[in-house]
Structure formats: C-alpha cells, structure tokens
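There are two complexes below, and they share chain A, which is joined by chain B in the first and by chain C in the second.
Let's turn to the complex of A and B:
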C-alpha cells in the first residue's frame, strides 16, 4: 500500500478538543506525523492583561475546564509573591484540598478516556461513576463541579464547615477502595496490558531531551514533581511520595496516574484531618508593585508555569502561560513514529493532552532560533499569502 | 415442502423474516441492556433498537462525491438479503423444511457476505477512514474465517452430514456437541464475535481510531439496513451455534401433540440463543479492542491452532467410536 495521509482533527471522534495533525501512514504503520497546533486561538492572555487581578482569576479558570484550579492557583500564588503577602494556613490547606481533589477527578477522567480509546468501555463507565464522588465533594465545598473559583488574592473565597469536612471524609473510604481496585486492574487486566505495554515508549534520556513534564516524565523514571522540588501550599507538610515508574510507556504512565490517585487521597485525608483554625484570607492591596515572577505549579498533567509581569497597577502587564501539554507535545510526535495506527489515540491520550490550555500561538523560527508571539496583522498577512484564492 | 401456503408462512412470517426482524431487534436491545447493567448504567428501553431503526431510516441519504450510487445503494441490501436467507436453514421450532445436504456450507457462505459488503462499502466510499476500515474488515475475515469454519464443520464431521437439521437430529439421538467438542464450541463463539465485529474484534469500525470505518459514509436507509444486517447476523449466528453445539430446538423425548413439541422446541431455541447472547455480551463487556497485528498473532497461533486440534480429536473419535 502506498503512503496515505490520514487527517486527525480538528474534528474527530477520538478528540474531545480541536487539534489538527496529519498522519502519514504506510498501511497500518505510521511513517511520520505533522502537528498543526493552535487551531483554536482564544486570546486568553490578552484578555487577562485588560482586567484587574480579581477578574483575572475567573478568566484563567476558563483556560481549561479540568485543571481550572491549577491556573487560578498558579496566578494567585504568583501575584501574592509579588505583593509579598503570605496567605493564612487554613487557606493554604483548603487550596491544597481542592487541588488534590482536582487531580483525582482529572486522573480518574483520564483513566476512563484511555480505556475508552482502546475500546474498554466498562472501565470508562466505572471510573466516571467513581469520579462523581470527587465531583460531589468539590461541589459541596465550592458550589461548583468544574470551575470551583475558590481562590482569591490573599486566600480563599469560602470556608469549609465541619459538616463539609465530615462529608468529604466519609466519601474517602469508598474512593480508596475503588482506587485500589483500579491499581490492581491496571497491573493485571489483560486487555489493558495488551494495549498499553511497550506502546509509546520514551527512555529517560528521550524524556529529558524532549522536555516532558508531569506523569509523562515520571513514567520514564524522572523524579520531577514541582510539589516536592519547589513546595508550595501545604505539600511540604503532608505525607506523600513522588510516584515514578521505570516502564516509560503508556503502561507506565497509567501506573503513575493510578498511584498518584492513592497519594492524592493521602494528602486530602491529611489536610481534612489537620485543617488549621484561623482566618481564610488576608486583605490584599489593590495594586501589585512592579515585578516579574515565574509561578510554577504541578497541575494534573505536569508542571504549569505562569510568567507574570506587573507594573505597579492593578493589572498584569504581561502573562504568559506555559501549559504542561505544550511541553509534552514533541514527545508524542516522536512516540508515534513506527507505531500502529491503532495506537494513535492512546499514545496521544497518554500525555493527557489539554488542548484548550495549549492553543495559543508562539512561533519558533527554526533557522534563526528566534521565538516570539506574532500579532494579528501578521497572522492575517500570513494567512493571505498561504491561501491567496480565499482573499 | 408440499403446501405452498405454509411454505410462504415459514419464509415470510414465522419463523421466517418477520420473526427474525422482531427477534433481532429484541436481541439487540438485550445485548445493550446486559452491557449497560454490567457497566453500571441504566440502559435503553426495550423499543430503543426499533426506534433507532425507524429514525435512521428516515434520515437524509447523502452521497459522497464521486460514489457509484447504484452499487452504494445495493450493497447493504445484498448483505441484508444474504443474512435473511441464511436464517431459513437454521432450525427454529423443529427442523427446517428447506433443509438439504450441504445447507451448512450455504449458511456459512451467506454469513460471510456482510463482511465482504463492508469491504466494498469502505472501498467505494472514497474516504480514507472507510478504506482503512474496509481493508481491516477483510484482513480480519482472513484471520477468523478459517478457525470459525473449521469449528463449525467439526460437528458435521462427527455427525457425518452437512445439513444443520440433520446435525441437530444426530445430537437428539446422542449427545450435545458442546460436551463432545468443547474446544470447537469456544472457537465458534470467538469466531462469531469476530464475525459480528464486536469487542474485542471491532477493529474495522474502531471509532476512536478510524471514525466508523466502512460505516463512516453510510447515511439514512443505507445505515439503517446495514445496522439491521448486523443485528440479524447476531440472531443467525447465535442460532447456528445453538443448533450445532447445544442441540438446537429438539429434545430427546417424543411429546404427544406435534404443536406442543413445536412450542417447546421454540422455547428451547429462545433459551439457547439467549444463552449464547449472554456469553457474547459478557465477552464484549469484559474486553477492550485489540490491534489488527495482535489479532493476526492470536488468531493464527491460538484460535486456528485450537480448531485444527479439535478437528484432529474429532477424526480420532470418529475412528475409535462413531464409525467403529
């Protein structure tokens, strides 16, 4: 069979979000992959520069539905550092609880999606059912299932009542039992092993070279977790371990994620049981002093970095969001070569891509090694030069 | 068949096409309901497959650019006709009045046609996903068809006849083939699952990889007819396995009025096909999709191997007992 081009996306049943790549395949084997990122440009960063900090928080939550708390916390953490205010311990613990619950619901969702992509719908249904327990807890605590909006500059928006804490603690045993089941299933279920083992393997050196982060890097044996390496919130106080795996393939990434679920449960239980008394926020000044900060945060998908520059007003002068998915994309393109067409969905899914986070334009020129953001006029000029007949 | 009216009733109403249609939709519902309950979902109401069929039937028919419309329209109908014809030779209440020596081969041949039609549809669609799906369908056909045929022909070998009805009669006198040939029964179930393109063998239509494979460009009545064909194949396939391995609709004792025997036979048919469906649904729920290269390995190494072993065992058994 000659080489064929298979378009995947921007709309495709395997994709929940728009991304566009073209697979060049020889029969069932993939020869190479052409990635076309940023199908959908949303202008979040520009919009964030035009609002004051309070209004930026809900905006940044909408960068991504799954890791909404990650973006808001990374931003709030950065601004608080520039303002040099420390948030009260109770607020730190509440933020940690929400962050870990978010990681749990994200990982459970991922496990279900990965199972669905290999056609194992039973696991998909089960994990999404159990994920509801996490979602219910989040809804009880914050009022929302997805965009919790718990953060404020200087603390959190609402307090946890003792009954909320007890209700959350009451749900943990069930979740622990189910998560242990999933750990067993991932390690022993034949239908998962046959599709995950040896698929999309990244050695430790490759994982480092392509700059992977999060569970993708940890599955290749890289002990890199912002929560341990640069502790924030309550992570230095809670008992937990960085999960790594030596497999480096989709199987390893799955194992890392299910064991991270266990670690998250430990953190949530610790924080709920040791919730300090006291205020939940300190008053924050309206304006931030002039400054620059790189705020790092371990999102469910890996290290999330917010670069924030303030200029003494109540707005940011520049915010640049580097999402974990962007850091992991190159490794996907390398993993796919010489694999089977049937492995595309699961390899792509193994980095847990969050395309809505990633779709912002940064241009790297290969010849001059220059990186920069291109403007709207330039975008239109390039579009016209590429598609002259449509002008 | 002497009486033309009863012949027509047999072909068109019961246990022919009308019954087949209703039972196929019922089995489709049951399949979905069983899967849903195992996955902790509620599942559809009983009329859902029928509602889906009517809905899809009423949808617009879209012709992809450059498609040969006549063949594209005709192909699903060919598949439907083949499967419906195959059902006439499978015993439902008693023995099929249309039975003849060699109808087993005809049934197997007719059951293979839908897969070939799927390949044809994939090739005609002028769509890369359909083409890949069609090629996968045929690749899969070459893998499962050999062990499936061997497994279904072993009862014929032992019974010494090529007629489904006579194989059922042989089992009535002796013993069900599921006890005599357990390996063949398992291979037949696996082959049937692969033939129906159900998990873990839904490789040709893997939605997360190639959209819907050959089904991608099917719309309206073409899609409805093709969906119905697969539902009918489920009935024919499970009825065939029930007849060849589970003794079909006959019981070893004679019962006084003939109509009562017919009713009991029909009930046995229902119970046995439902049992086969339950096994097939459980396989579907318990597995994910395997890759085509993995299927190639598993199919030729183990499934084909097992069926050849079964044939060898049957030949030895024939030599020692049956024809001794």
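Let's turn to the complex of A and C:
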C-alpha cells in the first residue's frame, strides 16, 4: 500500500506549540514520524555568553514560561558550585518551596490540557481553577505569577515573611483535598480511563533505551529522579518518595503526575513548617574561576541538564541546555509507530512538550501581531545600538 | 560485577582509555581520543551498567571543538567522556548504534557547531530554520552574523 505523508503543524489546532510533524501513514496507521523543531529558536545560549551572571539569570528564566525557576536554579547552583560557595539553609528552603510550587502549577496545567484534548473540559476548568491557588501563592512570595526571578548567585532575592508563610500554609488544605480528588478521578473516571488506557505504551526497556526522562520515564517503572539521585536544595531533608507506575501508557503518566502533586504538597508543607532562620544570601564574587560543571535538576517535565563552562570572568564560556522535552522526543517518535493518527495529540501531550524550552536558537520571533517577524540581524543591530561597547 | 561500584574502581578500569579526573563525588571525567569514544562508551555500558545518556554537550574552546558525553546508570554515578575535535573538518563517528537517544543531540550539534557525525542516517536539520545558510554554525566562537546574508524570516518585511 502506498505511504502518505501528512504534515501536521507548525500551526495546527491540535498542537499547543509550534512543531512540525511529517507523519508517514499507511491508511490510519502511522509508519514513521519526522520532526522539525526549528520554529522557536531564540539564541538564548549564544546570548547567555554575552552577559554577566546577574543578567543571565533573568534571561534563562525566559527559556521557558512554565519551568522558569528550573532553569534559573540549575544555572545558579552550577555557578555556585564552581565558585565553591554554599548558600544559606533558608535560601535553600525558599528555592525548594518555589521549585515544588512550580512543579504543582505545571502538573495541574498539564492535567487540564490533557483533559481538554480528550474533550473533558470540566476537568480542565477545575484544575486550572485550583492552579490559581498555587499561582497566588507564587505571586505573594515573589511578586510574579510566572517569572518568579527569586534566584541570585549566592542565595535568593527576597525573604518570606511570617504572614506569607501562614497565607501559603492556609491554602494547602484546599489544595490537598483537590489533589486527592484528582487522584481518585484519574483512577476511576470512565472518560479518562477510556482515552488514556493503553495509549502510547512504552515498556520499561523501551523507555530506558530511548533515554526517556521525568514522569514519562517514571510511568514506565524507571525510578530515575534527579532529586533523589543527585540531591540538591532541600530534597535530602524533606520527606518524599519517588513516584513510579507500571502502566507505561498515558494513563500511567497521568497517575504519576497526580501522585507527584501529592509529594510536592508534602515537600512544600515540610519546608514552610521547618523554614530555618538566618540570612537569605551570601555575597558572591563577581567572577567565577575557570571550571566546568554539569548541573542536573529535576524540572516538572524531567531531568534538565545545564552544562556550564566558565573562564575566570563574569561571563560563561559556554552554556549548553538540554531540556527534558528534547530528551523525550525520541520516545514519542517511537511510541507513535503503529498507532492511530487520532492518538497523536494525546500521546504528544503526554510528555508535556515545551518547545520554547527545546529550540532556543532560531532567529525568527513573532513580536507584534501585525508586522509578523523580526530578523536576527535586526535583533543584533538593536542590541548593538543599546550596548555599543559590548559587541 | 562484584560489590558496589565506586569511583576508584571505575577509574582503575577506565584509565586505559584516557585521562581520568574525579570532578566530584560520584562523577568521573574521562578525556579520550575521537577513535576511542565508541569503545569507551561500550565499556562503561557493558562493564558498569551506564545505560542512560543524559546529554551530549558541545563547546568551542577557540582551538578545537569539544564533545562531552554524559552517562549515568542504576548506581547513579555520572561519567563524562570528553573528546576534542580539530576545527577544520570536525567529524566524529556516530554513537546512535549504541545510544539510540544520541541521534537528536547529534543533529542539534551538527546544526549549531557543524560537527559531522559519520554514520548517522538522519543527519538532517532540526534546530535551525530551513532558510539558514548551510555553512554557518552560530555557536562557534568565531561566528558573526553577516549583515548582507539572509538568515530567515520573510524577505523585505523586517521592521
């Protein structure tokens, strides 16, 4: 039978972010899948080489609109390790609180998107309503809903007052109750079971072979979690467990995420209740010594790796960002083979793809609705005209 | 394998493949030669169970281009296998045959640094847009955007 090529994306109602799939199909069955991620490159890695550490942190927050704290923390802890400075316990706890709140808002957002994709919009509205409680807490603590910018090299930017801690603690019972409801729903709600069970299955061996990370890997029974494997922040002190599941399909990935919400709530509660006293930052030197580090961090979507190389100045020589979505694409391409075309949206969504994270170096950027695009040379020209001495 | 894997045991076996450094507890860095990378990865995979590729990092140090393969395994140790490639015609045998996830990283590195991974069956562009000139590699240190070159977007519609 002749094979048909079906292009999907970069602009498509079923996709939330710009990616292009070339689906090679035989009837309704997918034979092969080719990916093009090149629609959202912004040159972050190159731009990070031109700025000092203080200005790199806000830039890296903008790698991703969901896991902004992940990127900034991975970078800050890498640089701190090269500088050999230890941050105060209070700063570690505050970073952990923000990190886990970020994981919660990301997982709640994902659950809503997945529900929406299968046409279960009630669940979508519930989770996004409950996510607002997390967002409010983040806004109270940092001043922002999305780009918290809480990190500094050497600690955190702002302290938590007792009233902020109490306000956050007061919201936890509601969230705990809602999350428990979602755990029950995911295990028993017919609509979810029918659409999630058996879809996009990855066996443990396949998940290992294709280098899957994060909830996608843990749903296939792989217990890799950077928070336990290579503990950082306050994760070795807080009580929590790595969540795994044996189903390996979209159902399993959903179960892992809702149970991770419960674990995150435990960590947030522990950190808020046991917040150490003391300073929130230590003075950091301007320059970092020559060095090289692989800074690993468990972002909501899986392991994030920042490879950082410094050269004795206040700038990085090289920062190489490997985002969890990039690591998970190989497994998506593999588990779509022999599946139905109709399963594409939910299988792709099950890894919670984040493309702005993944493709960082393209030149085209939609700035205004009207003018469309801005070229890279134009971007460079604007940058030069603002910083004539730098380039 | 007998007993738990320690950095010392790993270093003892792997020193035949290159220069060993212990960068921190549970992390070993091996600097090796391009033609030994395949064997080195195979050895840590088979003997010590490093079955998981974290990432392949690439860097330009001015003299040469570097690749660093970071692997981990059930024991949660991290081994980083580093090689230097000459700048003139950087080429490296692919590792997709022993590390399936390497394919997407190799394509990314090829786009951004111009390192050719010989033997990779899908060495197509993935990160840079289709309009990008074929012989420009933006993350190399000596790369500068040329004002007369078209790098993508819509021609003549720049604000």
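As a convention for this text, the second predicted complex is superposed on the first by the 354 of 391 C-alpha atoms of A that agree within 3 Å, B and C clash if a C-alpha of one lies under 4 Å from a C-alpha of the other, contacts with A are read in each partner's own complex, and residues count from 1 in each chain.
Just so it is clear, a contact is a pair of C-beta atoms (placed from the backbone, for glycine too) under 8 Å apart; a residue touches a chain by one contact, two chains touch by 3 or more.
Quick caveat, the model's predicted, so the values are computed rather than measured.
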Chain B versus chain C as contact partner of A:45, first or second or both or neither: second
Which partner reaches more residues of chain A (counting touched residues only), chain B or chain C: C
Touched partner set for A:307, first chain B, second chain C, both or neither: second
First, second, both or neither for A:224, with chain B first and chain C second: second
First (chain B), second (chain C), both or neither touched by A:164: neither
First, second, both or neither for A:345, with chain B first and chain C second: first
Contacts of A:287 with chain B and chain C, given as first, second, both or neither: neither
Touched partner set for A:211, first chain B, second chain C, both or neither: second
First (chain B), second (chain C), both or neither touched by A:320: second
Chain C contact footprint on chain A (complex, rising order): 35-39, 41, 43, 45-46, 81, 208-211, 224, 229-230, 292-294, 296, 303, 305, 307, 309, 317-318, 320, 322, 326-327, 329-330, 359, 361-364, 367-368, 371-378, 380
Chain C residues within the chain A interface of the complex: 23-24, 26-27, 51-55, 57-61, 68, 70, 72, 76, 78, 80, 99-101, 103-105, 108, 111-112, 125-130, 132, 138-139, 145, 147, 149, 151-154, 157-159
Touching residues (chain side chain B, partner chain A) in the complex: 38-41, 128-129, 131-132, 135, 199-200, 202-203, 206-212, 285-294
Contact set on chain A toward chain B in their complex: 1, 4-7, 12-14, 28, 115-123, 125-126, 129, 191-192, 194-195, 340-345
